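After this come two complexes, each holding chain A, first together with chain B and then together with chain C.
Right, the complex of A and B next:
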């Protein structure tokens, strides 16, 4: 998205490679990003979030390990994918959610927390007009906000994911195959995209709402709506659809699923389930004819990826739409001090 | 006039039907300190935002340092330092960090940035607070930090929006002296926006009076005063030791006197009382010992006659002076004229 003006506006580094390199590094964009990351790292908010998420992961790993240790003896789990089950196993006796659930639940919170006050606080503190009177582009500013938070999210998600893998290796002593490793990495990437969606949404609110509190509440409201109420609404709808015959037609079911997939949480959960559980072969209703003759074998990674491609695209698209809207709104807003 | 570093041509900004800035033409020469004066909401800030390319003008153009502010805002922002009226800093960072960050955004290398920041902090007298968080700074310190922040990019033009707002008189004097000093020594062009006339009066080479989006007068303070004085009236202020009974009528009867008004006592003035109109016929007795009168004359040169009249009434004349037009009068006269229908 580098505009041609931007390159032209840079001071010319005398044609030397090192000088050019230095000019590139000095670009305001990366200085903004570095400052944003520094701000996040110093903030209490990030510390608290990080602590919650680390605690949650420890809990989930503990739960998964005890579940696996108890379960393998009872042949409850598929020993082939023991490693992946570090992320998905549920300890039924202790009621501890697994890592996947934690990410899908706390991820949005993290995204919202890192973004909800990104623009409006700059505005209300009067730093926005000072910043934008420096020779930087407006889009650099908003992209830096996004990129900094996303880098931080990626760092947290990957470090936690790799930690869980490491603990898994140590405790169950069952090395992953390259494919399983790739599956986990893809799952972590997906988590970053998912959290990135909530981040852009909250940045959008932070541009739209003048008050940080309003923007935080709007973000949280949408998160809660999709996490809890949307499912309930759909259940109600499903209840009304069930006719006298006592069951839904295939078309109705597909309709319902399509509605369900409007929720980013649903897209994420479908995608992660498929990636982390190779046994999942389909994400929609299947007729008896389709199931008939199918061998219940796990899918290879390529096929699992194909299966979740639409979900991934959907999440990316939602993120893009939010970012595009933020961009548009921000570029059109007038910069005044403390409006 | 020397080479114009800021040239605004027919610059206009409309918000719906409201004209925030209406066909503004203004040229500011290099090295000049220009005061843009106007009441709140006159469109001063909007004009500045257009000069920096932060707001798009509805019509007209703003040429700053040879670049069109709307088309090439970056070129302009590289050479122009802008201090907003309510400047904000990152409160959790130290003053030094804030300055270095600004310098880095302007493409200064980290080491140079630190050097410049320290030098500027010394210059504005904040070297002891350099490592304190900006959140702990007082209003005056923030304003001085703001000045350092504006200067760190080594601009050719500095635009200061209400730089003296909320600082005590001592701080204002220091800040203005600093600005004036900078402009003289380093050839900086300064555009000062304010509604504090007296403060601006001290250091501005030229002022522009800006009301409701229009520049209604522009020039040196002397020239503006002359314009006002040229309207044919002169005012003479008298201070008398007592209350001669019919002094009002007697003065009024003089050839060339158009009106006699009693001025409020010093204490009344302080409490915000306005001129008491006496109708020019007689001056009523008050509780005070002294009497202050303002005599408006249609022609200059009436002072001896007035003095003689007072002398004839038997009261001691404590003071007699011709009222010179200050910026305050200029401001009021022009703005009151504008407030009419």
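Right, the complex of A and C next:
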């Protein structure tokens, strides 16, 4: 991230060559980004969210450490991937969810919180038209809103992730293999993309809805729908499918899974599970033919990535599509001085 | 003896006495064996069994009476003369060896002759003369069979044929003909590298005890060295102690061994294959034996839905020390999960078989990965288009 101080330090006078011209043109964007980040950092909202997430992470790390310390002695965990289990181990006695679960649960909340009022508040306060009367491009404004929030999310996710890694290093006592490290980094990138999806969704709502409360409620409604009700609906559907046969056919199971994968939460959970648990070889139902002759061995990172590639591209594409829609909507909207 | 009768009666009996004496002497002449040896001094030697049969190694005990018919006490020197060599004898009376004994008038003394038939003796009649003063008592011993002081080690089947990995198991019989219990140490002059063991029952032994005139069956197990060449190997075995020994020679004929090894051409036991794709590997069948292998068939055991084919599926023959190549085509199931699967290949001839297990890492098809990339690129292009169209307003 180029800091605004750096940009400001550039000489204003002197010959205007092409590079300086470029810097001058790019400067408003980064100034906007810096201002956005600053606003977020100083806001109560971000502070409370950050505190909740940090507390949750500390709790999950504590749970993972006690689970690992208890579980390794009982040979419950595969000692080869202890480092990855810092993120996935669950202490059953304390009922503390693991880090992976916290990210998938609180991440969307953070994304929605950072984005739900990004446009409509500016609009209702009248700051939008005042801002855009400055020599600032409109697309710079919308992009800066998105990039600033995403950078903030990335900073939070990576700092927490690295914190867990550090505590894991202290607890386990031996360093991870490069592959394990890469898996964790990929998991953190994935978390940023996933939270970015909820961010763009809420930005989209903030453009579409005039009231901040409406957009916040819409975002949270969708989040709650996918987090809780979608699964319940699918369970109902599965119950009706089972019928009198007593069990589902393979085709029905695959249909259910495909429906389930419409939920970004499901995509994220499948992708993180595969990335953080190298033993996972398949995400769908397995037939006896596939299991026969298989040697239970962890997959290499490349194969794990290939396994969840559809999930990864799906999440990334969904995020980009949301952003594209917000961009389109914002660019086509009229901006009056007062609504 | 009854009381002395009157002179008259003796006279009247005289002719009848004469007749009785004549009859007695005639009877004695007819039977030919005089139980008494008459001597001038009136010493007689008497024993009831003057001719008897005995096997070699037997001890014969004669009880000999020395009778003094004279009117005076006699000093009798006793001894034994014989022409047979190696016979041991002892004359004892009252528990002691004796050379001279005194016999009172009209009485008799008993002495014992202990005669040992030697172990090594020819069959036949042997005569001995027991002398007592001037009297002599001829004794005859018929040795019933030829005596030996020897041991016999024989095998009914001294020649066995087998492959190099066969354990040759001979049965030998050890017979003790020495007349005494013997303990034999068993040894084999085995060819270099051979492991020869003696067994009695299921126990490995190095010595064996055999009762006189009895025999014991010994199993001789010979294990050839691993890299034995075809040929005939004599195995002399020997049962010996410091008194007697016996030996025989066994023969093991090795007809060459069978050995088969299956490996991949680069000795790697892992490979990878795309799900639904195929992988070709070269496998090498090596004849590690010394005999020719014929009709080596190549088979496989693979997960369900996989196809493993060999080309050729059967190798006609592999000469000793030679290798034969075949190509194996492993086609994985399109449904196979990413990760490792076990595929085992086997080569088997009628005599030998070998197998190996390949670890096949299945890789997911990259096709869908590229399709995913295409989707992302398309979306990115769309956003870029939006930037171009609406940007810089």
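Here, the second predicted complex is superposed on the first by the 313 of 339 C-alpha atoms of A that agree within 3 Å, B and C clash if a C-alpha of one lies under 4 Å from a C-alpha of the other, contacts with A are read in each partner's own complex, and residues count from 1 in each chain.
Basically, contacts are C-beta pairs under 8 Å (C-beta built on N, C-alpha and C of every residue); 3 or more make two chains touch, one makes a residue touch a chain.
Predicted model only: the values in this text are computed from it and were never measured.
Judged by the touch definition given at the top, the superposed model places A:331 against chain C, while chain B stays out of reach. In the superposition on chain A, A:282 makes contact with chain C only, not with chain B. In the superposition on chain A, no contact is made by A:235 with either chain B or chain C. Using the contact criterion defined above for the overlaid structures, shared-chain residue A:323 touches chain C, although it does not reach chain B. Of the two partner chains placed by the overlay, chain B and chain C both lie in contact with A:137.
In the superposed model, A:313 makes contact with chain C only, not with chain B. Within the superposed three-chain model, A:249 lies out of touch with both chain B and chain C [touch as defined at top]. Within the superposed three-chain model, A:303 lies in touch with chain C and out of touch with chain B [touch as defined at top]. When the two complexes are superposed on chain A, the residues of chain A that touch both chain B and chain C are 137. Chain C contributes residues 302-306, 333, 335-343, 359, 363-364, 366, 368-369, 372-373, 375-376, 379-380, 382-383, 386-387, 390-393 to its touches with chain A in the complex.
Across the complex, chain B meets chain A through its residues 45, 49, 52, 54-55, 72, 74-75, 77-78, 80-92, 101-102, 104-107, 109, 149, 153, 161. Those residues of chain A whose C-beta lies close enough to touch chain C in the complex are 137-139, 281-282, 286-290, 292-295, 297, 299, 302-303, 306-307, 309-310, 312-314, 316-317, 320-321, 323-324, 327-328, 331-332.
Those residues of chain A that touch chain B in the shared complex are 5, 9, 11, 22-23, 26, 28, 31-32, 35, 39, 42, 122, 125-137, 334-338.
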